[in-house]
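First the structure, then my questions, so here it is.
Chains here go by letter, A, B, C and D, matching the order in which they are written, and residues are numbered from 1 within each.
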Amino acid sequence: MKDIKFSTEARKAEHIEICLNEKVTGDQITTGFERYRFKHLALPEVDFSEISTVTEFLRKRLKGPFLVSSMTGGTETAHGINSRLASVAERRGWAIGVGSVRAALENPDLAYSFQIRKSAPSVPIIANLGAVQFNYGIGADHCRRAVDLLEADGLVLHLNSLQEIFQTEGNMNFKDLLVKIEKVCRSLEVPVGVKEVGWGIDGVTARRLQDAGVSFIDVAGAGGTSWSQVEKHRSKDPMKKRAAEAFRDWGNPTAECIREVHEYVEKVVIIASGGIQNGHEAAKAMALGADLVGFGRTLLKAATESEEQLDLRFEQVEYEFRAAMFGIGAGTLQALKNTDRLVAVRA
Amino acid sequence: MKDIKFSTEARKAEHIEICLNEKVTGDQITTGFERYRFKHLALPEVDFSEISTVTEFLRKRLKGPFLVSSMTGGTETAHGINSRLASVAERRGWAIGVGSVRAALENPDLAYSFQIRKSAPSVPIIANLGAVQFNYGIGADHCRRAVDLLEADGLVLHLNSLQEIFQTEGNMNFKDLLVKIEKVCRSLEVPVGVKEVGWGIDGVTARRLQDAGVSFIDVAGAGGTSWSQVEKHRSKDPMKKRAAEAFRDWGNPTAECIREVHEYVEKVVIIASGGIQNGHEAAKAMALGADLVGFGRTLLKAATESEEQLDLRFEQVEYEFRAAMFGIGAGTLQALKNTDRLVAVRA
Amino acid sequence: MKDIKFSTEARKAEHIEICLNEKVTGDQITTGFERYRFKHLALPEVDFSEISTVTEFLRKRLKGPFLVSSMTGGTETAHGINSRLASVAERRGWAIGVGSVRAALENPDLAYSFQIRKSAPSVPIIANLGAVQFNYGIGADHCRRAVDLLEADGLVLHLNSLQEIFQTEGNMNFKDLLVKIEKVCRSLEVPVGVKEVGWGIDGVTARRLQDAGVSFIDVAGAGGTSWSQVEKHRSKDPMKKRAAEAFRDWGNPTAECIREVHEYVEKVVIIASGGIQNGHEAAKAMALGADLVGFGRTLLKAATESEEQLDLRFEQVEYEFRAAMFGIGAGTLQALKNTDRLVAVRA
Amino acid sequence: MKDIKFSTEARKAEHIEICLNEKVTGDQITTGFERYRFKHLALPEVDFSEISTVTEFLRKRLKGPFLVSSMTGGTETAHGINSRLASVAERRGWAIGVGSVRAALENPDLAYSFQIRKSAPSVPIIANLGAVQFNYGIGADHCRRAVDLLEADGLVLHLNSLQEIFQTEGNMNFKDLLVKIEKVCRSLEVPVGVKEVGWGIDGVTARRLQDAGVSFIDVAGAGGTSWSQVEKHRSKDPMKKRAAEAFRDWGNPTAECIREVHEYVEKVVIIASGGIQNGHEAAKAMALGADLVGFGRTLLKAATESEEQLDLRFEQVEYEFRAAMFGIGAGTLQALKNTDRLVAVRA
């Protein structure tokens, strides 16, 4: 049991390390945002300073429709990252997720590294667990404990099939997960969501998740961080290392996921994430049907540096987002979501 | 007040400097002219020396349908540029615009740098002001003064929303401008036009401007000078500097603007500009629906050098323009505008 | 007669040499697999370890739908390659072909280099002859002898028109081959198949081959090894050398061949080959309609090194293949072949 | 008059020089052959050695449907080039054209450089004149003299509008040429054709030429030698030099021209030329509708070297051409022209 715990910690540290220093994006696959462009409105008839981006998530108010994607925890470095992310999320009114809380369930000594409620008293915090764990001894009780540990406003379950099979320690049995997800949705007190980790959730799957009682879906599509690439860098098994390479172009582009999911679900909050690089792309994501936009790896570097850097990064995203709204004359999120000014680029 | 004046002058000088020496074009965006090609007519049945390009603008005769786009004024260097542009425009029969006259309204000492009537006694001169200024104290009277100062034949109001928000000194309230534009159109003695500065005017907006009484529309589309890129180079604010970068592909391609505006308006003179590089592209612009073609930054270098260089540049544009007409057998501007020999390139 | 034998041996050695060390792929032609992508299924509901890939070919059981493409024989080096390929094919349950057996028919001393039954007692072995030889003295009896010599489970006849004309020793008369193929199909005791060598078999031709009684078709399409390129490297005739260059983009892309052949035939086993690089592409081939997938040149390097290297290569292909199945939630070959999750990539 | 003669000679020498040593192809324009590919026929049922390519042109027999495009004359170097081209054309049974004979009409001393009948007694020889000369003093009598001087089997009139306007000495009046071409067609004893020089003839123009009595049309399309590029290198006028640059992508792609002309005319012999690089492309040209295929600049280097080099080049083209026919199972030119195996490449 010690070994497992140790390996989980080591893995988390390696993930950060690799995501900061290696090429972890895919190849010959893009988010698809480059296939859309906003049609500029020369006469916006809007006062930039009055543009409103406030919204709500998990019954809390957000200053903008933004989310720090689930990333880390379980180590001292991760604690630092989470703290900085939390403080800045609080200050700027973003929702925030943390990495898989399994490490803390296994080893309570690690819980502190996920506990950011003090730094982020007012914004939504989301706990995170791998759905596949439901086939490996984790159940609704653990979920509840994870939420409680973090004083979280919701729980997101991640689906990461291909990551599991390319990592040495992978849990490869994904059978019957939907019914187990359904059970957790029913028994938990807080809203439960589902996310991918960079290969995307398609429309049909989103529909099935909605029917299972999921409250929000984070598409976490392809075009950004590719977890076969990340695990390729980590792997000591030469066969898996090379095999991972053949999946560098795998996945459903983020923009396509948003469109599809938006078409297939009605009641579920749609979070766009996966390779979103700036507020301009975030605005495209909203115009394609998203309710919130998540940022992962692109925040990582600033999050290891300082709150100042991180604040600047958040501010930049917000400014770009509002600039895009201004550019098409959208004064509110509703106007952005209903715009007819996002057009497909002639190929 | 001094400071504002001073900063306006400094800004103008920096704009010239940056446009001459930095990469100020966008990325992953083009004018769209490359998507069209003229279908060569092997047997043109035209005498090249008889090709006619004469036309009329603002009730004056032009030797060709060409315009020097609004660019500068307010400094000694600008004065030199404007003088050279004016002399050559006069000699070759082009219309000519100058940069925003606001500096001269604020500080009469700077008026001389815009006053080019002596160098260009017979061709149309166009005064220029930012439409957003109507929300910052400028009104019809200032417009009239601007026209009078320059002995101009018309006034063009520029729309530059995204430039304003990426520059430190930006005026960001674009509310209710249309009614104010309408008022100016009604009260001025000379024709009033509207232009963008490189992100383009779409069909619907053009229609609304026509309905407001505008006499001419300069689409100033994307694919050439990008003002977010220019302001990126100028900015001292690191956040805005980086944010501007995310808009390097923003805007409506010039060729698309022309087609759209041509479709949406009837009574308004259409000026094509934005990244037009030579007379061949100018001819495409006309075949797409333009009445006149404007050239901005591509004239700048020659305009800082000498009248000879500038004259050569104008002559080259004219020759290319007539060569394209010859290549499709169009002996008159009317024939060029009605040609069915501009075809979309198979992607 | 000696010379001919000698030249055949020399040719075979050169082929190996060139395929290992020169650029032998085409130019401006691809397999077409890049035009398809699997739509990721975030919730596969499959246990990776239970994925089944067993199948049958030539009445024998295979652990996966994989085939070592016909490659070599006739020299000592070839013998080593064939032995290693055979041992690993046996161990991992792949079918295996050898290169053209003509050399052994001409010179019985060379037969040993093709005889791999001892190393591969239980998997299907396929003998190989050029169909064009039916116009140069080879007949059904020779075919039978080839099968017997190898204790093979089937015979495949290759079609290689353009290779023949670019190689100095080429047999260029391809007349009336279909009726001769038909005769061989009727008179042989084992199933007879037909394959190309890298330019592909189209739907109409496949249909005609089915009607002639062929049991399996290996499309051997374009995008991988190009035999005009190989012969270009070998040729001493400067004219043919240069002429071969003009065919570097010739051929029917493998993915297209599979689709077409799948549409045109019903009873015939379809083998996909030609430039297939990994198990991910192999899975695409199956989803497009193939029953088996062949690998040629990409196995060659490992086959000259060691059984260990080769085994690793086979294992990698299998793992990638199962990973792709897992990624779309296909637990069986049947599910993979019937999937609707292979989608055309937006161009 | 001396000067003109001299300048004509000098020009011809420069053309050769530039075509041999400079980049004279266009930019962002291609012949369009890359947009088509032959669908390989794995079972051609043809004997390569029996493939027949014989045809007829200007009432003479050709061994293959090939033509040496009009290129040169008027200088000693040109004489050497023409002699070598003629000898090899005779030996291999190709038709042959020479450059504009105007120089010889102006100065009989230069006639020898065009007179190749001795070297090419049996194949069709085509005299050449610029159609625009009909507006500059040349008439039917000169045409007759040109044909007589060369003992030619036909005359081709070239259309080169854009070349004329980019060269210093250009004749720019292209008025009323069609009626004059018609007159020449009526009054000459030999068949008269029309050609472009690298910008292509479209369908409508071809139809008008057919109606005017033209016997053959050489499309001479874009994608190969660009005469604005050639004249750019020659020009001493800096304005024209730069202006020429803007036409580097001008013209109708050769493949498009063939298709269009084939659609618009019935009685006229269609010659494909313009950037055709090898026999593979020549076969595509035939499948698109051409009756003959012309080669220009790609022969030039070998033509300045030796008959051996030139012969090798011709042989290579023929071999590639027959290889393409073999590859699709076409045993005759008729089969090639009627093939349904030339397919558009998916973009």
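Going forward, a residue touches a chain if its C-beta (ideal position, glycine included) is under 8 Å from a C-beta of that chain, and two chains touch if they have at least 3 such contacts.
Molecules present, by chain and UniProt name: A, B, C, D = Isopentenyl-diphosphate delta-isomerase.
In this text, all values refer to a predicted model and were calculated from it rather than measured experimentally.
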item	value
Chains contacting each of subunit B and subunit D, listed by label	none
Subunit C and subunit A - chains in contact with each	none
Copy pair subunit A, subunit B: interface residue numbering same or different (half cut)	different
Farthest chain relative to subunit D (centres taken as mean CA coordinates)	A
Inter-centroid spacing, subunit C versus subunit B (mean Cα positions, whole Å)	63
Geometric centre distance via CA averages, subunit D-subunit C, whole Å	44
Subunit B: positions in contact with at least two other chains	347
Subunit C to subunit D touching residues, read off their complex	28, 35, 131, 159, 161-162, 164-166, 172-178, 194, 196, 199-202, 205, 208-209, 222, 238-240, 242-243, 246-247, 249-252, 347
Residues of subunit A defined as touching subunit B within the complex	34, 37-49, 277-281, 312, 315-316, 319-320, 323, 326-327, 346-347
